[in-house]
Every structure is written in structure tokens, then in C-alpha cells.
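Each of the next two complexes has chain A plus one more chain, namely chain B in the first and chain C in the second.
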Partner chain A sequence: MGETLRLHLWQHGIFLLILFLVLAPLAFLILGSFSTARLPGDFSLDAMGLVNYIKVYSDPGTFEIFSNTVIYVAGSTALALALAVSLAWLVERTNMPGKVLVYAGVPMTLAVPGMLQAMAWVLLLSPRIGFINQLLKDIFGPETPIIDVYSLGGMVFLEGLRLVPTAFLMLVPLMRSMDPTLEEAAAVSGARPLSTLRKVTLRLLAPALVAVMIYQAMTALEVFEIPGILGLPAGIYVFSTKIYAIVRTATFMPVYGQANALAMVYLFIAVATTFFYTRMIGRAERYAVITGKGYRPRQLDLGKWKIPALGCALLFLFLSIVLPFLVFLYASFLPYLQAPSWNVLKALTLKNYRLLAEYGEVGSALKNTVLMVGATATATVVLSFLVSLVVIRSKFWGRKLLDQMAFMPHAIPGIVMGIAFFWLFLKIDFLPLYGTIWAISIGFTISFLAYGTRSMNAALLQIHKELEEAAYVSGAPPWRTMWRIFVPLMMPTLVGVWIWVVLHAVRIAGMPLMLYEGPKNQVLAILIWNMWDEGYVPAVAAIGTLLMIVLLLLTLAVRLLGFRRQTMQIGGT
Partner chain B sequence: MARSKMGLAAFLLLSALLTIAPGAAFSAAAPLPKATQEMLKKLRLESSIMSGLDKELEVPKAWMDGARKEGKVRVFSTIDPPQFEVLSAPFKERFPFIAIEYNRASHEDRAIRTLVAYKNKKIVTDVLTGVGGSFFMFREAGAFEDLRNIPNWKNNPPDTSDHDGLWVGMHMRHWCMAYNTKQLKKEDVPKKWEDFLTNPIWRNGNLALGNRPQLWSLQLWKAKGEKWTKDFLTRLFSEVKPQLRREGMNAMLELLAAGEFYGSIPSAEYRTHQKVLDGAPISYTCPEPVPVAVSEMAVLKGAPNINSARVFVNWFLSKEGQIAQYISDFAPPVHKDLRRKEFLPFADQIVGKQSAFRDPALELEVQPKLLEFWDELWLKSGGRRRGKS
Partner chain C sequence: MIRIEQLHVRYRTERGEVYAVRGIDLNVKQGQFFTLLGPSGCGKTTTLRSVAGLEKPTAGEIYVGDEIVFSSVKGLSVPPYKRDIGMVFQSYAIWPHLNVFENVAFPLREMKKRVAQDEIRSRVRTALSLVQLEGLEDRPAPFLSGGQQQRLALARALVREPRVLLLDEPLSNLDAKLREETRVELRELVKRLGITTLYVTHDQLEALTMSDVVAVMDGGNIVQEGSPVEIYRAPRDRFVANFIGLSNFLEGRVTKVGRLGEVESSGATLKCVLPDGVATGDSVIVVIRPEDLNLYTGAATQNDNILEGKIEALIFMGDTLECQVAVGKQIIRIKLHPSSPAARGETVRLQLPAESCRALRA
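What follows is the complex of A and B.
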């Protein structure tokens, strides 16, 4: 009886905790959008109204933001899908040589944080000082048209590149397990390979492609770093950067309620997209391309196009991973920013790396990052495991609601979640969380819960109830069953989720920028963002180079742990 | 013979006494910290420049007792951490019982977020510097301590501190223009502000403007009048069409060195000098009148380490603190006895020219009008809003 009571208690405890952590910030977000007080600290139910909504939505600039966001999301998703489909098709359905390079290389691009990738491309394609633009001018003369990365086109291009690996990982298994009968029939009927690809293969894949497309659009919609680095300097706003700009002013006190009001429509779009996505995934049978028949997908002979195809695939890897890394490596040895030349090579210096050692902020940001990321990953794993246990293994009355609550933050853009938690932590000032790395950690944990619980749910479903029943019959208490049976069997998933969270928490700047307060609470992503903004470019390059090396090693570890399967299911942006 | 020996001995003794006399007079005071001695050596300064330092460093006993109990002081500023290490070395030797928690912070972090936190009853730092255009909000919020009881307050020349004591000047700034020496020929270096309008070299985006008019245009307003300034700025925006940059002033220097534009306004002498020492192909010039300003240092009201903060501010305003600051980042001292050429980078561009000083009254009376005018020009020309919502 006592055991049952304890069981009920912790199930209720988990339920209430998730309910609070998901709903409380959202409640403050909604209430705050009606607050007429300038600061969250002055919030009062007596000072409420529609003034923020009127101010934000009567501004013609808001519609420009909407239009920019649509172009940015649609453009980058389309580019990413085109590239990902091509790459997946080349490695799965053709006889292109060097496939192993593409299989191994594309997921590795996940290791390069979007923020660093954007910064590297600024160094390459800034209108006047971009290395590529300077080279073009040197070769073709000063009147040569330049490529301006500070543009919507630049944002689309870069976000498009960034979205490819996830789409690729989602598409590869689909391509691999497609029934080839229809393609063979087309070939027998005399259809040319490209025509078969267009009329048969892609049409077979269409429903799955739509699902991947919506998932990618959701990701592009919420991403902050690329529009932040490329759009803000040119005054090109999308929803995420506009909310950031309202809150992070340099001269005047921000009006937080306006940021909340703008966040509401952003939130609505994100939730609607997620709803659409989950509905599509729910009708999974419509996308079935794997049947019970035995078959082996046919591989198209590319003939003379083999090498060009490999060249294109390698070009993608070069642009996504090699070039950003090389640019950062080069810039990290510069005394000041300058284009490559023989003279520069003579002046290269280790000063920036030495500076990192002397720079107190780097040390504290590194320590904060390790603590924050470690706590986030551990909390996400533990909380996801407990939530999944309740959802999958119990008859708790609220388990379905709990599952939905855990998934809900997936639909909320990080910057919106950040502002929602900002209000919450200011209001619950009996807990000293406001502005600390622990506030960032809690925000991230809730955001990553969706991914954690999806992975844990899948892993728990694979463990047969017999083992649990055997433990129960042998008199083992629930905690012992959990510790001795579930944990060892789920270890690859637990470790995989842990590393996945580390990889993401270390690179995302949006939410930390909303939640941190003061330089002593900076994490690496914030430090990099701030140093870039203040012009410490070679020093940023030094930090970025080291960070990329660490993340590449971690990504490699994920691959070695065989965690690819889960990433394919959920998507590992 | 004996008399001549005695005379020689007396002469030698007298000579020795005369030789060591100035040193002996100073050696009666407490010895200088090693870090300070090294600084003086590096700058080739006589230790006599520190005369009166002991007196400057005297503070009420209650402050010292309080500081001992508090054990630390938190500082938010713009100085790079390695530079702050150099700056604070003498302080650490003198006051080993006060640990300094230093953080370099952007203007947004220093001014806006600190104030947001303050309004939510969270005091995130004790000492705050460079609040600039955000000072009026701190004043409205009653967020700053009155510093007029700081003994070294009197070391600052008139108008380099707030009249109500809410901030005290920490160093001087000369906000002029930095230029790229590879791109700009000597004959094109402007001598007067009007040269930007008449010399076509500045067109086609070759000139960059930062969104900080209060650092330089305010002084032009004072020296040349409202009409001249408005006409000048209007023509600058409409005819020259400069690049309107959202970055901070340091980032603009980095871009200047890389060749993004030929000249950058406003640029301060100390940062430009640092970049020159790094080998960047840039230099500095001051068209007349030279816009001069002072940067603010304040202590938050209710700061938990208030005594340590007072001791720190007092030390900072002393000759030792001011010279330590100069040697760490080349910021010209504000101390009335140290306003000398050897503490002024690019002195040849500044000294002897007509200057215009941004005094507190100017900030209060003219700055709002200037910002309103500037914002309209800036936004019309496609610049980003300053953050006003």
C-alpha cells in the first residue's frame, strides 16, 4: 500500500512539475502581452490593455517582418529539400563513387553551429571586405558586382545549407527502403532516368517529403542565429530577431509587453505548423513506401556523371563544413581582420589563443557552459526518462496529457520560450534563478523535453513487460527495477539523448540571450555573440575554431554510439 | 690638511644629502606598490609625479572597516579583462582584502539590463561605468549613490562630474575620426568637419557613421550652434550618404582596419591607438573643433559592497588609479594634475586645436533635441532605429 502511494506520489509530482514548467511561462507570456507597464517588474493586473497589440500590429514594419519571415522560411526550406533529396538520392539510388564520404560527412555538418557558420560567411561575403568579394574584385576589377551576404538571399542560402543534414538523415532511410517496382516499370517502359526520378521516385516520396518540409520549415521559423548575424546589420527582421531587437535595446528601456505581443502571433504560427506536422505524421500509413515484399532498390548507373555528381556532393560538404572551419582557423591567427595574402601569412600570430587564456570572461563562460550544458543534458535525460516511464509504463490517469505537455515546447520557438521564462523567473523571485545559468538550463530542459521523451518512449516500448514483471515477482521495488533493468537496457538511448542535448545546448544563442543577466552569467554562445557584435572578430574566430573541433568530436561520438536511428526519427537540427 | 679633509667630508656629505633629499622627502611616504613602480618605469616617469598620493588614498575608517567585511567589489565596465588586470594590479597590492569581480559588458548589458534588474530589486554590480545616453533613466530610477563624499572627487576638473554627484568622470575621450591609411591619402585627411561635405572621396559609402551622435555631434552643437549642426548633419546624410553602422565603436575600428570603409566617426583616440599598436593600417585625426567628453563612473544605490565600491572609486580617481588606467588601455586621465601630453595618444591631433567639451548641462539640455533630430535623419536614410520602441 505504502509502495503504491509512493508510486502515485511521484507520478503526480512529475505531472505537476511538467505542468508548471510548461504552462507557467506561457501564462506569463500571454498576460505580459496585455501589460501596459514598461517592465515585467512593474506588472500589475490593474495595468492591462491592448496597447501593445495596437502598437505592434499597427506598425507597417510588422507586415514587412511577416513577409521577410515567409520568404526566409520558404526559401531556405526549398533549398534544403532540393539539396537533401539530391544527396539522399545520389547515395541511395545511384552508383556514385565515394558514398561513404557523403554518409559520414553530411551528418558531421550538424557539428558546425549556425552562428559560427553565419559568421564565417560574413568574412567571406561581406560586401566590401568579404574575402571572396575582394578576390572577385582583384580578378575582374573594381566594378565587379559583389555578393552581399547581409540580405534575405544570404539568409536563405545559409539556412538552406544548415537544414540539409537533418532532411538528409530523414530521407536516406526512405530512399533506401522504397519499393523499386514502379521505377523498374518506368525504366522498362523507356522512361529516362531523370524522368523516372521526377515522375515516379519523387511522387512516391511526396507525402514523406511534405512531412520533412514542414519539419524543416518549423526549424527555420524558430532559428535565431542566422537572421541575427546576417539580417540585423542590414535591418532585415524576421519574427525571432524583431522580438530580440525589442528587448535588447542599447539606449532606451525596452517595452517588454510589445515583445510579448509580437511573440503571440509568432507562437500561433509555430503551434499551427506543429499541429499540421503532427497530424501528417499521425496518418503514417499514407507515407508507406516499405511493403512486405522482398526487394532491393535498384541503383541507377550515372555513367559519365559519376564524378560530377561526387563533385557536387563534396562541394556541399566543402561549403558547409570545410570552408567555415578554414575561414575561422585563418581568422584566428590574424592580428586584425584582413583578407588572405602573402604579407598576411608573415604576420600570423597566436595572440588570439593567448588572449583566450588571459581573458577572464572566456574562462568563466567556459565554466558556465560546462555547468549549464551538463545540468541541462542530465536534467533532460532524467526528466524525459521519468515522463516516459509514466506515459508508457503506468496507468496514471493523466499520462496522455503529460505526454502532450512534454511535446508542446517543441512547437515554441526558443526566443519566445526565452521571453516567457524571463517573465516567470522575474516573478518567482523567491527562487534566485533570474539571470543565472540555471535559468538557461531550465529553459533548455523544457525545450528539449519533446526530443527526450520521443526517444525514451521509443526505447521503452522495445523493452518487454516480462522483464519488469519478473522483477516485480522477485520482490524488487520499483526504483530497483528502474535501476537494474531499464537503465542498463536503455543506456545507448540515455547516452545518445545526453550527447544530443549537449550538442544543441552549447550552440544555441537565442534563448540564453533572452535569459542571461550580466557578464558573469554568460555562456559560450552568448560570449561569441557579444564579442562578434563588439568587433573582437579574430578572438571569436579562435573560440569558434576550438568549439568546432570539440563539437566535431562529439558528433563523431554520437555516430559511433549508433545514435543515428533516433536522430533520423526526430531530426537533429 | 685636516681642515681641507674636513671640508671635503662636509662637501661630500652635503652633496649626498642634496642628491637624496627629494627622494628622502617622498620616501617618508608609504612605498609605492611594485605594480605602480613598474608602471612609472615603463612610462619613464619620476616617482615625484605621485606626490600627494598618500593623502589622496586616505578614506574614512568606517569605509575601510566596511570594505574588510564585504571583501569584494563588483565592477561592470568596457575595459578588456586583460587590460583590467593591469589596471587593477596596484589596487590589489594596496587592498588585498578587497577582491575585484570584474566583468566587461556591452552597453546594453551595462546600462539597460542592469537597470531592468535594479528595478526588480536585483543589484547585479556595485560599480558601473559608461552609462552615457542612459544616465537619465538611472537618475529617474534613483539608482545611483551620491559620490560627492569621495575624497578624490575634488581631483576632477569642473564639469567632469555630475552636479548632483551621481557620477564622476573616469577618463577623457576625444571623439574624432579614425581612417584607413591604405585607402585614404594624406591630402584627403579632413581638417575641418565641413571637409566631409566638400571632398568627394567620402561619398559612395566610404565614410561610416556609428549611431552615437551624443559622443560628437553634441559638442559640435555647443561650439557651432544648432543651425550649423543641423545643416551639417542634414547634408552629411543626404549628400555624402555614409554607411550607417549598427556596431559598437570598437567593431567599427575592426571593420575600418579590414577596409570596409575609409573613415569611421566617431572614433576615440585610445582604441585607435591600441589597434595601431596591433599593426592595423589605421590612424586618427581630429577636425576642428575637437569633440571632447568624459566617461562616467557610478555606484549603484544599495550596492551590497558599498564601502569597497567607494574605496575602489576613490583609488581609481587618484593619480595611481588614473596612471594605471592609462597604461592599461591608453585612456587619457581626467585627474587635473595629469592632463598632460604624455598621457594623450595622438596628442598632435588634439593639443592646440579648438575643442568643444560635452558638459553635464549640455547632455541634459541639448541631447534630447539632438537625438530626436538625428533619429529622423538616421531612419530616413535607412539606418536601424536606435532601439526606441
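What follows is the complex of A and C.
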């Protein structure tokens, strides 16, 4: 009886913990949006009101932000989808050579942090220092029009590239398992290959494509790094960067309440899209044009277009991984920033790397990052595992609610989550969390809980119930069963989720920036951000190069360990 | 050894309630091989799992040994890991991350009182030799054949020397030949060890060949309980007669009562064993097994209980020839020797030995 009671306590403990971690920050976010106090966390009733909402939503600037956001999200999603559909179609449904390169290369692009990629493109295409722009000027004279990456177009282009791998990984299995007789029927009815593609293939894929599209639009909406690096310097704001600017720009006295009020609409959009998305997914499954049979789909003969097609695919890989990496590698050996030339090659130096080793903040940021990332990954794995055990394997009354709670943070943009936690940690000052790396860790853990529990739920469902019951009748109480049966059987998933979280926690800058206080909780992503802001470009390049190498190796490890399912769900930032 | 009183199990599901077990009573004596037999979905597994503690019944009491392990009235439910049981699952539930040795050692390592390494080793070896798996200790569990997995599951269930062994269709995943061999082996093994066994199956042959007592279940109830011979020879109702073995059913009306009474059916008068308490004029169903009938092409040697009919079909089944005879509107099936000269369309006479005809209340 005692043991049963303890089990109940455990289940309720986890339930309450998740409930608190998810709902408390949101409650503070909402409360804060009504607070007119200058200091965050001051909710005295006389300082409450709708002022923030009126101020924010009557500002004509807000409309511009809205239209910017729409253009940015729609543009990047459309670009990404077009690229991803083409790539997936090329590798699955045509006889393009060199497919292995695409299969292996596209997921690897996930290893390049969005922040670093944006920076690399600034080095190439900024109006003043951009290597390509300088080259253009050198060739055609100073009057030539240049390509300005600090623009909505730049944001659309880069975010479009960044969204491709996830969409590609979602589309490949769909393309692969599509019943080829449907297309063959069109072909024998006299349709040419291209009109078959347009009239049959794409039509059949339409529901799934819409689902992928919504998912990608949500990601674009949420991403902070790309609009942050490319938009902020030029004063082009989208929702995520505006919220950041309200809170973090030093020139004004920050108006936290207004940031919260702005976050509300953002939150609303995100939650509404998630709702729509989950319903859409259900519909897509009902369409059921996609069957699970393992037939070999018909492959279109590309003829003389084989090589150009491969060229386009490789160009994508070049732009997404190779070029940013080369730019960083090059810049990291520069004494000071300059475009490539013969003279520069002679002046290359290891000084930046040496500097990193000597610069104190790098060491402390590195230490903070390792601690933060390790704690986040471990906490996410442990918490997701326990939550999933309760959700999938117990008869606990609140298991459905618990599952939904764990999934909800997925809909909340990181920057909103950051600001919500910012309020929470200020308010619960009896816990000395504010301004520590643990604050960042907790924020990330909640955000990644959705991914963690999805993976664990799926893995737990695969473990036959009788394997668990056999342990009970062999005399093992629940916690021993967990330890001796579930943990070892789930090991691949546990490791997979752990690595996935590491890969993401190390490079996302949005939420940490909201919780950043100073060197004490400075992590690598923030250090890079700050150094970039202050113009230490070659040093940033050195850190970035090293970071990219580590992330590429980790991504490679994930692939080699065979966590295909996990990798397929890796979202891009 | 196992006593169940008024066991009720209801499941709550999204589509309403499933009333899986509806008031079962049973009593398994020390050392007995007791089988729950019934069609799919009748609640056998649910009953077994309730004894194991894997299912929480809605009402009732369960005793294992002298200990009460479940009582809805007292609000008592001993968790499975504290019950003195061994169990073999239908899927065998061999843990794939452990090798053969560790699978069997698992229950020993989970014992309250720590068991010394040496003892674990010797007890695992004993258990493995009981099921003839010696020498496979280091084999990873997924590399076992179906039959080996089944025996490994048995070894794991036996290693703690529980007083009660629970088996849920342990042979259903084996191929026909292996199943036949294992039936005998399994019964001999548990009999030798003197373990009280509760066995669940939907295979009547398993139930009849292995059990001391068979309880036939239907729709969450036990409809008849008895030795295999009793169940086969004297089914209490139509369901049991139909479920176990093949039966012919003849509808009729009682014309004379007595131990061997008379029933009028298909225009003939049949002498048969009547159930207690029927009166003249009651409608009954006469049950007779196909192997009990005699078929005559010429004159019958006896004049009692004769039905005349025409052979409708002959089905060759290897060791027997099933002959379907139309008597009036009914078809009666008879088992003949395969070399029997019966031919289709032939007019024949069937003789029904009175002692083999059992009338059941309709």
C-alpha cells in the first residue's frame, strides 16, 4: 500500500511541476501586459490597465511590423517549400545522379546555427563590407547597384534556406510512399510528365504540403536570429525582434508592459496556428493517398537535365553549409576584416584563435554554455521520460491534461517564453534564479519538453506492455521496473533526445537574450551576439568556426547512431 | 490455493463500459491444473490478470494461498510484485536487452531478501535445465526461436518457486507440431513440481488434454466446470456442447420421463438421458457426438433409436471421413473410418445409442 501511495505522490508531483512550469510564466506574461508599472513584476492594482494595449496597437508602427512579419513569414515559407519540394522530388522521383549527396547533405544544414549563417551572409552581402558587394564595386565601379542583405528580401532569402531541411525531411517519406499507379494512370491517359506532376502528384500531396507549410510558417514566425541580425540594424522589425527591441534596447527606458502586450498577439497567432495545424494533420491522414506499401515509385528520366538538376541541388548545399563555413573559416584567420585577395592570403593569422584562448569572457561563456546545455539536455530527458511514463503507462487521472501541458510550450515563441520567464524569475525572488544560467536552462527545458515527450511517447508505445508487466509479476516494484526495463529499452531515444537538445540549446539566442543579465549568465550564443554587435567580427568568426565544427560532428553522430525519426523532426532555427 | 469470489471487472472506455467479467467464483486446489476455456473475448485473460494483480477488478475477492490479495469490500489490493506468483504471457515478454541468464535471474534479483550471486547462478541453472535450455545462458534473448522463448518465459516464471503459476495462452504462438509436444511436457513439468496452475486457452484440445479441471467461460461467466471427461461427455448446455468438440443437435419434445426417457424428434422416438426435473411435453435438444453414431447401409442390428436419411456430403479429413446425413430438414454429422464404403446419395439408417444421447433443456 505504501508503495502505491508513493507512486501516486510521484505522479501528482510531476503533474504539478509541469503545470506550474508551463502556466506560471504565462500567467505572469498576461498579468504583466496589463501592468503600467515601470518596473517589471510590479503588479500593484493601481498600476494595472489597458494602457499598454492602447499604446502598442494604436501605434502606426505596429501595423508596419505586422505587414513586415507577414511578408517575411509568407516569403520564406514559400521559398522553402518550393526548394524542398523540388529537392525531394528530384531525389525520390527522378533519376538524378548523386542523390546520396543530397540525402546526406540536406539534413547536415541543420547543424549551421541560424545566427552564424545570417552573419556569414552579412559578411558577403552587407552594403559596406560585404565581400560580394566589394567585388561588384571593384569590377563595375562604385556606382553599381549592390545587393543589400539588411532587408526584408535578405531575411526572406535566408530564412527560406533555413527552412528547407525540415521540410525536405518531412516530404521525402511522403514522396517515397506515394502509390505510383496513380501517376501511371495519368500517364496512360495521355498526360505529359510535367502535367502529371502538376495535376496528379502535387494535388495528391496537397494536404500534406499544407501541413508542412503551416509548420514551417510557425517556425519562421518564431525565429529570432535571422530577423535579429538582418533586420535590427536597418530598423526593419518583425514581431519577435520588436519585442526584443522594446525590452533590450538601451536607449529607452524599457517598457516591459508594452512588450508583453505585443507578445499577446504573437502568442495568439502561434496558438491558433498550432490548433489549425493539429486539425490539419488529422485531415491529411484521412486523405490517405499515401499508403505504407514499399513499392518503388516510378522515376522520371531527366535526360539532358540530369546534370543541371544535380547542379541546382548542390548549389543549395553550397549556399547553406559550404559557403557560410568557408566565409567564417576565412574571416577567422583575418587580422582585420577585408575582402579576399592575394595580399590578404599572405597576412592570414592565428591571432583570433589565440585571442579566444586568452579572452576571459570566452572561457566563462564556454563554461556557462556547457553547464547550461548539459543541465538543459539532462533535465529535458529526465522530465520528458517521467511525463511520458505517466502519460502512456499509467492510469493517472490527469494524464491527458499532462500531455497537453507538455506540448503547449511548443506553440509559444522562444522570445515570448523568454519574456514570460523573465517576469516569473523576477517575481519569485525567493529562488535566486534571476540572472543565472539556470534560468536559461529552465526556460529551454520547458520549450523542449514538447519535442522530448513526443519522441518518448512514440518510443514508449513501441514497448510491448507485457514487457513491463512481466517485471511486476517477477517482483519488481514500479521504480525498479522503470530503472531495469524502461531505461535500457529506451536508451536510443534517451540519447537521441539528449543530443537533439544539446544541438538546439547551444545555438538558440532568442530566449537567452531575454534572460541575459551579464557575464554571470552569458552563454556562447549571447557572447557571439554581443561580440558581433560590438564589431569583433574576426573573433566571432573564430568562435563560429569552432562551434560549427562541433555541431557538424554532433549532427553526424546523430545520423550515424541512426536516430532517423528524431532527425526528421528537427526544427530549424 | 487460488480462490475467487464474485469477481466483477468492468472497463471504462471512450465508447462506454465493457463488462468483461460478471461474477465469477472459482476454487483451484493445491497442485491442481485448472484451465479457463472459452471463446475470444469471454474474459479469460481479464480473470487471470486480476489474479496476477495486473488488472484492478470492480468487485470481488481473490485469495492466493491463505493470503487475501484483493478485496473490494476491504479496499485491499496487493500489487503484483508482492504476490507469490509466476506468470507466462502470451507474447512471452522476454526482455530483449537482457540475455537468457539475466532474464531468468531478474526475479531473483528483485527478491526482498538479497540472494547471493552463487545461489542466483545455481537457481537459474536449475530453472533452465527444467525447461531444457541449458547452455544458452549467454545467448541474447532476441536470438531465440519461438519455442525457446516460450520455455525461457516458463523458466523465468518458475525460478522463484512460486506457489501459483499463471499461464495465458502460452502455446498459441507455437506451430502445430511443437504445440502438441509442449502440451505434454508442460503438464508433466508442473505436475512434477506440484505447482498450482491456472491456465488460460481458447483451444479445447489443450484444455482437455492438460487439465485436471476445466471451467468453460462465456460472456464473462463460467458456464460449466468439471473434469475434461465430464465437460466432454456431459455438456450442461448447448454452448458448451457446441464449443467443445462437434455435436449434433436434434430438437424435440419429451414424451416419457425417467432416467432414460423418450423424446420425439424428426418423426421418430428417441430414447435418451434426460436432465433432472423435465416434464412430459417440455421441449428439449438432444445432443449426440458424431463419433457415437452408428451408420447402416443395410438392415440395422438394433431397432431402437433409428433415424433414416440420405447421405448429402462426404468430407475426407485424413484420419476420419465426415459424413453428412440429411434427416428430414436436419443435417446430422457422423465420423466414419476413412475406408468406409459410404457413397453420396445413398439412403442410410442411423442408430443413436441411448446412453450417448443427452437431452438438454431448450
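By definition in this document, the second predicted complex is superposed on the first by the 557 of 573 C-alpha atoms of A that agree within 3 Å, B and C clash if a C-alpha of one lies under 4 Å from a C-alpha of the other, contacts with A are read in each partner's own complex, and residues count from 1 in each chain.
Heads up, the rule we're going with is that contacts are C-beta pairs under 8 Å (C-beta built on N, C-alpha and C of every residue); 3 or more make two chains touch, one makes a residue touch a chain.
Since the model is a prediction, treat every value here as computed from it, not as a measurement.
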Of the partners chain B and chain C, which touch A:R484 in the superposed model: first, second, both, neither?
second
Pick one for A:V255: touches chain B only (first), chain C only (second), both, or neither.
first
In the superposition, chain B vs chain C on chain A residues touched
B
Quick check for you: in the superposed arrangement, does A:E143 touch first (chain B), second (chain C), both or neither?
neither
Touching chain B in the complex, chain A uses residues 39-42, 55, 126, 128-129, 232-233, 235, 245-246, 248-255, 258, 335-339, 347, 355, 358-361, 426, 429, 434-435, 517-520, 530, 533-537
Once bound in the complex, which stretches of chain A touch chain C?
3-4, 464, 466-467, 469-477, 480, 484-485, 488-489
Which residues of chain B touch chain A in their complex?
76, 80-82, 85, 101-109, 111-117, 119-122, 124-125, 133-134, 137, 205, 245-248, 250-255, 257-261, 275, 278-280, 382-384, 386-389
Chain C - residues contacting chain A, complex
52-54, 77, 79-83, 85-87, 89-93, 95-97, 106-107, 110-112, 153, 156-157, 160, 166
